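These are the structures in question, set out in turn.
The following pair of complexes shares a single chain, subunit A, combined with subunit B in the former and subunit C in the latter.
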Partner chain A sequence: MMTFLILATAGLLAFQAALGGSFLLLRRSAMLTDAMAHSVLPGLVIGYLFSGSRSGPEVILFAAASSFSSAYLIDYLNKFAGIWFEASTGFVFTSLFAIGIVLITTLGGNVDLDADCVLYGELLYVPFRYSSTHSWYDALPLPLWNQIWVGLAWALFLFFRWKQLKTWAFDAEFCRHAGISDHVIRRLVLALTSMSIVVGFDAFGAILVVGFFILPAATAWLISRTWHAMILISLLVGLGSTGLGYSLALFFDWEPGPSIVSVAGLFFLGAAIAFRQNRANSTFRPTH
Partner chain B sequence: MIEVHNLTAGYGKRTALWNIDFSIHFPAFIGIIGPNGSGKSTLLKTILGELIPFTGSISLFGKPISEVKHRLAYVPQINSVDWNFPIRVMDVVLMGRFRPNSWGPFYSKSDREKAAFYLNAVGMSEFSKRQIGELSGGQRQRVFLARALAREADVLLLDEPLAGVDAGSGERILSVLSDYQQQGRSIVMVHHDLLTASTLFDHLVLMQTRLVAAGPIQQVFTLSNLQTAYGTDVSILSDMIHKLGQTPGNLSDHPKP
Partner chain C sequence: MISTQLLWIIAGCVLAAYLLALSGIPTYLRREALTGDALSHAIFPGVVLAVWISGSNAGWPTYVSGMLVGSLALFLIQTIHQKTRIPKDGATGIVLIVFFSAGLLLLGRLQRSGIPLGGIQHVLLGKAATLLPADLGILGILAILGSLLFFVFQKWVWLEAFDAKFAQHSGLPTFAYSFVLNTWTALVLTATIQILGAVLSAAMLLTPAALGHFLSPNPKILIRTALLSAIAAAVFAGFISASIPAMSTGALMVIMLFFLSFPFFLLYPEKGILMKWIARKKEARRWSDENTLKFLFNSTGIRSAIQNNPSLRRLSNKKLVHQNNQGEWHLTQTGIKNAERIVRKHRLWETFLHQRLLVPEDHVHENAELMEHLLDDEAEERLAQELNHPSSDPHLSPIPPRK
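On to the complex of A and B.
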């Protein structure tokens, strides 16, 4: 049962990350997830001070807002101040992460957050964290509920806005002409991504959650020729590395989060070698 | 009718075109021509509403651009998207049937039929299941054209659709455009080749960052106008004028602005 709960939590994150990662990768904004994952920190600390719990709704909202605002700020600096995307990414997230660290170390006396759990997450503790409200909500651990809600939001968004997303991902300019604001779509994708990052952060930590977002989508991009194939393959790679990585972790007594992401990394390496001719001359860079 | 009034536009602090003023009645096949850097693409982008003018205004069908965007279809230059994108030819054309407020993940049967119809019109049916990166430059341009046609808009705008395109694709594109025009619709096209411009269009907008002349081709395509715009080799130009004299086309069918 514990294994099932852990795998369900990781699997749901793999689902969200494969989808969100695919869109961001195709819009050449994959590293935005890295920035967003690091920028979770200040929001997390502030939310924690407000609520005193680590996975309550306040924490999630504060952390997601902080993560989303980093993406917004990066886009803003890029578009309106004319700063390169890489550069604005670089200084926005490092500044926010630094602020987060300062907050942890100064207010941290009564905050149960330390650098280890921020960086590596606590996947193994997932089955022990319940809402303790003594209601039906106690049927599943809190981190799993969080994954379920965010996963559901992704599923609804994709179902109802699939055509718009696809058009946007391929050709944002055309999307604009056809009457859809590419900025609105981008922000919706980033908002959902920040929710996924926050709920994923809890289990995997800041660094690994980025791997989860990028590796399956990048592997799928190397292999696939069609849109559906890309989404499907990134889902399979995400779920496959979760299953395989977790089994290896149990067998060899490794840390499960890093083990899962390492397996995803191996999948990517394999695909990069086997399919290197597929995307040999991809030098295109869109405006963000 | 397209009315451009006192238009000045550009990028950031750089002004690319100054004080453009003209009006042309629809239906028309309008060519925007001029030397490199004369503001042709800038004018097209402003007509599309993609670029906000510094001063002045553009109206189509007597309304500001923002209200008639749904009546425009645009064929961008082919280097504006990622051709490695994992997507099939048919999916690109289907985007032309995309409506902003359609919910749900699937295109309707009639949308699919329309997309297939326009893909056939540009002679690309057999490629419908190919990944777009496997196409040649001319084929890519035809796919973009099919996507714009599938919008079934009143005005088609194109940015140098014949640049870097093989002869076969070029002919196909021109024949599709001529069909489009015959349905009583209008085309606005940025074009760089003076030789073909002389026979292709019925109206011209001749640019040199300022407007040199605009109107029916007979009035615009004159030696003195072309010299003002290009300032160079008169003998080549006069050859062209001569050629134009032999192929007057269907100019007289259209009302003068």
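On to the complex of A and C.
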């Protein structure tokens, strides 16, 4: 049951990451997930100050807001100050990260946030964290609920905006000419991504979240030739590496997060060697 | 005693910041700004490996293994990008996260087997207070070596940044250049992440060069801005972190640099976000004022339906229009003069389009609506000469003479 709850939570994250990761990879913004994961920090500290807990709804909202605003600021500096996209990414997220660190150290011992819990998360505690409101909400662990809500938001977004998303992911230029607002779609994707990053971060730590957003999507992109295949394969890679990496971690007494990411890395390596020619002449490619 | 310690820390910070800012310039100009971030995470397993083998994180094994693992990571990014056509930033992210995870797995093994870890926990967040004189010596040697390398090979750096293909054709050994640059950056990051932390070293590698390049692509200005801003941030951060021992020096440095560079991004003439916004607003106002003047010129004595029209308010402040007792707006003497200029430009342009470009007379108005705001005095004069000072436009309306 414990394992099932962990895997269910991870599976829902894998679903969100498969979508968000694929869109961002195709829009050449894969490093944005890394940036957004780092930018969670100041929001986390401020949320903690407000609520006094490390994973209340305030913390999640503040962290998501800070993560989203980093993505927004990156786009803004890139567009209006003409700073290269990579440079603006690096500038914004490192600055926010630094602000977060200074906030933590200024607050001294009052903040129960350390590097270990931020990096590794508390995957093993996932099945033991309940809302303890003594209601129907206690039926499932809190991290699983969080994943369910954000997963539902993604599903709704897909259901209502599938065509626009598909158009946007491949050709933003065409998207604009077709009368679909490129900015609105991008911001919606980034907002949902920031929610996913924060709830994922809360359950599993930064490493696993970034790994989940980048590796399965890249692996799937190597193998697949259509959208549906890409999303399905990246979901499978996410689930497969969770199962395998988690088992290895239990068996060898490793840290589960890094172990899962390493397994996903091996999946990518295998796919890269086996399918390296697949992309050469394919039209299934991102544009600028 | 305190002051010597303080001097050590500040010297260490300044050396580290100088090294990173200098090495960041070529990397930035090759548009590989995020490579520094990838590299500073990717050398982590190298550092852990060195600790495992040699038992401490000070000394040459760390540098050698950090350099090797870093070069391997950059080689992999390049290979993945070229062989599989995954976008460069995707490849960067993949290598970053996988190498970092591998490092964390290794670190976990080490912690469980009870091997003393030295200062390895500082690799993530950095700690300048633990700086040893030996570290300072290494930083100093690297700084001298880096400056020499940079100033000897400066021409290559600019050539490669300006046009990589051209550089290759004019005999620059591109592969060797990349290899040396990558290895050097890995070495510098290995030396600095223990003082500043992984993410923050990456920031110090990128931001000074970004600021320099934002101010001017001119090499001299770029280098000076990058180095000076990095050193200033380092001195500030060193002072503050010496008085507040728990504070992360790297984070302070990055925040200083943020506060140093963000005003430039906002306020730098002609490039800053706010300045560009103000210039756009001004231009829009000029157009709308000119349109208002023209409108009043064509139909004088208009009762403005909108009481608080901003364009009318601006014009009446400049004494170009005034409102009489019945609330009607009229042009003043200067107002008429200004309006005539705009109408003249409009009608001259219409005449030009009709006579010289043979545009039908019912098609010339829209284009003249734009050009009346864009023609300057000299162009207007030349246009009039070219058309032999016409007295009326294609619609037979008089063209006001120049006064």
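Observations on the structure shown:
One rule holds in what follows: the second predicted complex is superposed on the first by the 278 of 288 C-alpha atoms of A that agree within 3 Å, B and C clash if a C-alpha of one lies under 4 Å from a C-alpha of the other, contacts with A are read in each partner's own complex, and residues count from 1 in each chain.
In the analysis below, a residue touches a chain if its C-beta (ideal position, glycine included) is under 8 Å from a C-beta of that chain, and two chains touch if they have at least 3 such contacts.
For clarity, every value in this text was computed on a predicted model and none was experimentally measured.
In the overlay built on the shared chain, the residue A:Phe160 is in contact with subunit B alone; subunit C does not reach it.
Once the two complexes are laid over each other on the shared chain, residue contacts for A:Ser194 go to neither subunit B nor subunit C.
Residue contacts after overlaying the shared chain place A:Leu77 against subunit C, while subunit B stays out of touching range. Judged by the number of subunit A residues each one touches, C leads among subunit B and subunit C.
When both complexes are overlaid on chain A, the residue A:Trp221 reaches subunit B and subunit C alike. Residue contacts after overlaying the shared chain place A:Gly211 against subunit C, while subunit B stays out of touching range. Legend: residue contacts after superposition of the two complexes on their common chain; A:Ser66 is shown touching neither subunit B nor subunit C. Annotation: subunit A residues 221, 279, 286 touch subunit B in one complex and subunit C in the other. Partner subunit A is touched in their complex by these residues of subunit B: 48, 50, 69-70, 72-74, 76, 80-88, 91-92, 95, 98-100, 102-107, 131, 147, 151.
Every residue of subunit A that touches subunit C in the complex is listed here, in rising order: 25, 28-31, 33-34, 38, 76-77, 80-84, 86-87, 89-91, 94-95, 97-99, 101-102, 105-106, 108, 115, 119-120, 207, 210-211, 214-215, 218, 221-222, 253-255, 257-259, 261-262, 264-265, 268, 272, 275-276, 279-280, 285-286. On the side of subunit A, the complex with subunit B involves touching residues 26, 158-164, 166-167, 169-171, 173-174, 176-180, 221, 224-227, 229-230, 279, 281-282, 284, 286.
Listing the residues of subunit C that touch subunit A in their complex gives 28, 31-34, 36-37, 80, 83-87, 89-90, 92-94, 96-98, 100-102, 104-105, 108-109, 112, 121, 124-125, 199-200, 202-203, 206-207, 210, 213-214, 244, 246-248, 250-255, 257-258, 261, 265, 271-273, 276-277.
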